[in-house]
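In the two complexes that follow, subunit A is the common piece, with subunit B as its partner first and subunit C second.
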Partner chain A sequence: MSNLQPVKGSSKDQPGLRYPTSGKTIYHRPLNRTKAAELSGASFAYLFSEMVGYASKKIESIQDLEKRLNVQGHPIGLKLLDLLLYREPPRSQTRPLNIITLLHFIKINVWQHLFGRAADGLEKSSDPTKPDEYMIIDNEPLVNRYISVPKDMSQLNCAAYVAGIVEGVCDGSAFPARVTAHSVGKQEEGEMWPGRTVFLVKFAPEVMEREGYLGKG
Partner chain B sequence: MSYYFAIVGTQDNPLFEYEFGTSKQGGDGLPHFSEQARHMNQFIVHSSLDIVEEVQWGGGQMYLKCVDKFFNNYVSCFITGGNVKFLLLHQPTMPVSTTSTRSSTSIGANPTSPQTEEAIKNFMLEVYENWVKAIMSPFYRVNMEVRSPVFRQRVAAAGRKYL
Partner chain C sequence: MNLGVLALIVINKAGGLIYNRTFGDGLNQLNTNDYLVLAGTFHGVHAITARLNPLKGLMHAQQQQQAALTAGGVPIPSRPDPPSGLEVMETENFRLQCFNTLTGTKFLLFTDTMQTNVDITIRKIYDLYSDYVMKNPFYQLEMPIRCETFDRKLNSYIREINSSR
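Up next, the complex of A and B:
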């Protein structure tokens, strides 16, 4: 244990800790971005295809692959939640307290940050036996733009990655949920949105319980 | 005035601890907790988590102000979007009851005055900025301890600046 130095000592001498040559760590960089900070779609598509390729190694089922994509997205959601809240103006810098505020935050802020536009729809399940299910609809998910799913994997929707991000945001804000991506676009000729994807958000029972309790005031 | 600052994760697990003293009004910036009080601080801060969990659903504000008081110890809380709590225990050098003879608006003397609330808010916001930077690291996973010496320096600097 003798090589363990107290943290208060001069930090530059600590073994294993490296500083960039400029001396600027992540703590020296601002968290705010300029409005026009966009990334190349081509490089994203390339990276994403590698991610899907990596996740599809030694899988037993399509669910397995979707689960792996979901797990890759989850930490991003957790981080985005605090980053986007930090960037909100102080007046509206509030934690989401109910399901509607949370989903609205995802539909507007998260989508705007990730894809440069808001999601196309937000719906509550019309089935009265499933009050815990909500749907976020994207007519043309960015992640699926250059992906053609093989016939034998027809259930696969690579937007499971985005579902993982959404799940991370929900879990982070203390609304544990299961989020899955489903293709609902019809493949017929002349269909407006063949890639239409629904993100089904199913909240945990304790969330519904709290929602009922808080709603009563 | 002595301060004990702790960051508590979503499983009520400690992620970061820091003790310091006031740098205002000629303070030396060092904590002056008695040896007995130092281990009590962790208990006091931990016990205030129950109150935080009640208060956090009452409003969406991140800064929950002073949530708990235990004898001469005051606990202020700031809660992030990711449900991580920043808890600051502040202990005025003299018990508050003695200040009635000479009313003071200084941060150290009156732990619940608007000036103190504002100073702590500014401190918390600065820590929050650094916290977001810390968790943006791709190697950081939820509820991991933060060991970065740069983060510690930044918290210390925020403490010197505002408290």
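Up next, the complex of A and C:
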């Protein structure tokens, strides 16, 4: 850590946090000390199942339920952004400054941290009237692995929770956006990936305006 | 001629039918009512067969006494394993294997008489059930199973078994 000089020999008269000489603080260490640093998939599946159950109490519509899952994920995204940037090596330790770096950061770093692999795709909306829409594609979202959505709720995608995390990351790095999850497994590619999910990231107009200015400069 | 795994039935702990599916074509189909009757009847028969072995409890008590005598102390009471009831039924046309889970859900697998390793197959089906049914937030306990992912995983697993022979 070049920006945080370790205090040598003067720790008694200097107040504040002390940093080890290696520069690695406790925030660099994962909570889980095992080599693989993985959590139990079954425990997560049961926990998430209860979260969905909790979110579906007294709901008016499917959008309501997705909104609630989104809200549950949002603070995780905000906090995760700080943690992941802090763990980056010092020279790349800046927050993403344009849309492409931000989306790339989400696709690689955030996905790697949460699910142990990068997302399967990143695309810009092909519709020229919607330049503010980007798509992050996951062929088999971890949260949906054991979930079968009943027929009468067919528009529901429980990955709205992950969409909330992505939204939190975008909001935290000052790129306000609306993120929604959509199932696209039923189309022609559906045979291979029935759970294929697209996270549609729609940035706020001011973000696009700023991006325009930055592009010119 | 159909070979391999022919049909699967899942019965809940109250004896109600919660899942039935046939594999392979050309099988005579039962109507829904007959399936319900079959599930209920089997549940009753299973309960009777679970109490048909009077020797098991007796032998257990004898063993306990013997152990107490050799140890020279007071016998430590222990509960015998609950009797398992009907496990396999074989006819000249098919073989029926029953797997009773600890919570009383029963898996019935109908195979042809030459099928091997049915207990492993039925274990794997139980695995799929505990993954894709029990971890699904939209499944209500003891109710009929309508889970798309379970259907899909089960189908591909059975197809794999049936085509490998």
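The criterion applied here is as follows: the second predicted complex is superposed on the first by the 178 of 217 C-alpha atoms of A that agree within 3 Å, B and C clash if a C-alpha of one lies under 4 Å from a C-alpha of the other, contacts with A are read in each partner's own complex, and residues count from 1 in each chain.
Quick note on the criterion: a residue touches a chain if its C-beta (ideal position, glycine included) is under 8 Å from a C-beta of that chain, and two chains touch if they have at least 3 such contacts.
Every value quoted in this text rests on a predicted model; they were computed, and no experiment measured them.
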Classify the contacts of A:V149 with the two partner chains as first (subunit B alone), second (subunit C alone), both, or neither.
-> second
Subunit B versus subunit C as contact partner of A:S49, first or second or both or neither = second
Considering only touches as defined above, state whether A:Q93 meets subunit B (first), subunit C (second), both or neither.
-> first
For A:M192, decide between first (touching subunit B), second (touching subunit C), both and neither.
-> neither
Subunit A residues touched - subunit C or subunit B, whichever exceeds | B
Thinking of the overlay built on chain A, is A:L39 touched by subunit B (first), by subunit C (second), by both, or by neither?
-> neither
For subunit A, which residues are in contact with subunit B within the complex?
-> 7-8, 11, 14, 17, 25-27, 29, 31, 75, 78-79, 81-83, 85-86, 93-97, 101, 172-174, 210, 214
Subunit A residues within the subunit C interface of the complex | 42, 45-46, 48-50, 52-53, 56, 146-151, 153, 158, 194
Residues of subunit C touching subunit A in the complex = 131-132, 135-139, 146-150, 152
Note: in the complex, subunit B contacts subunit A through residues 10, 56-57, 59-62, 79-83, 128-137, 140-142, 147-154
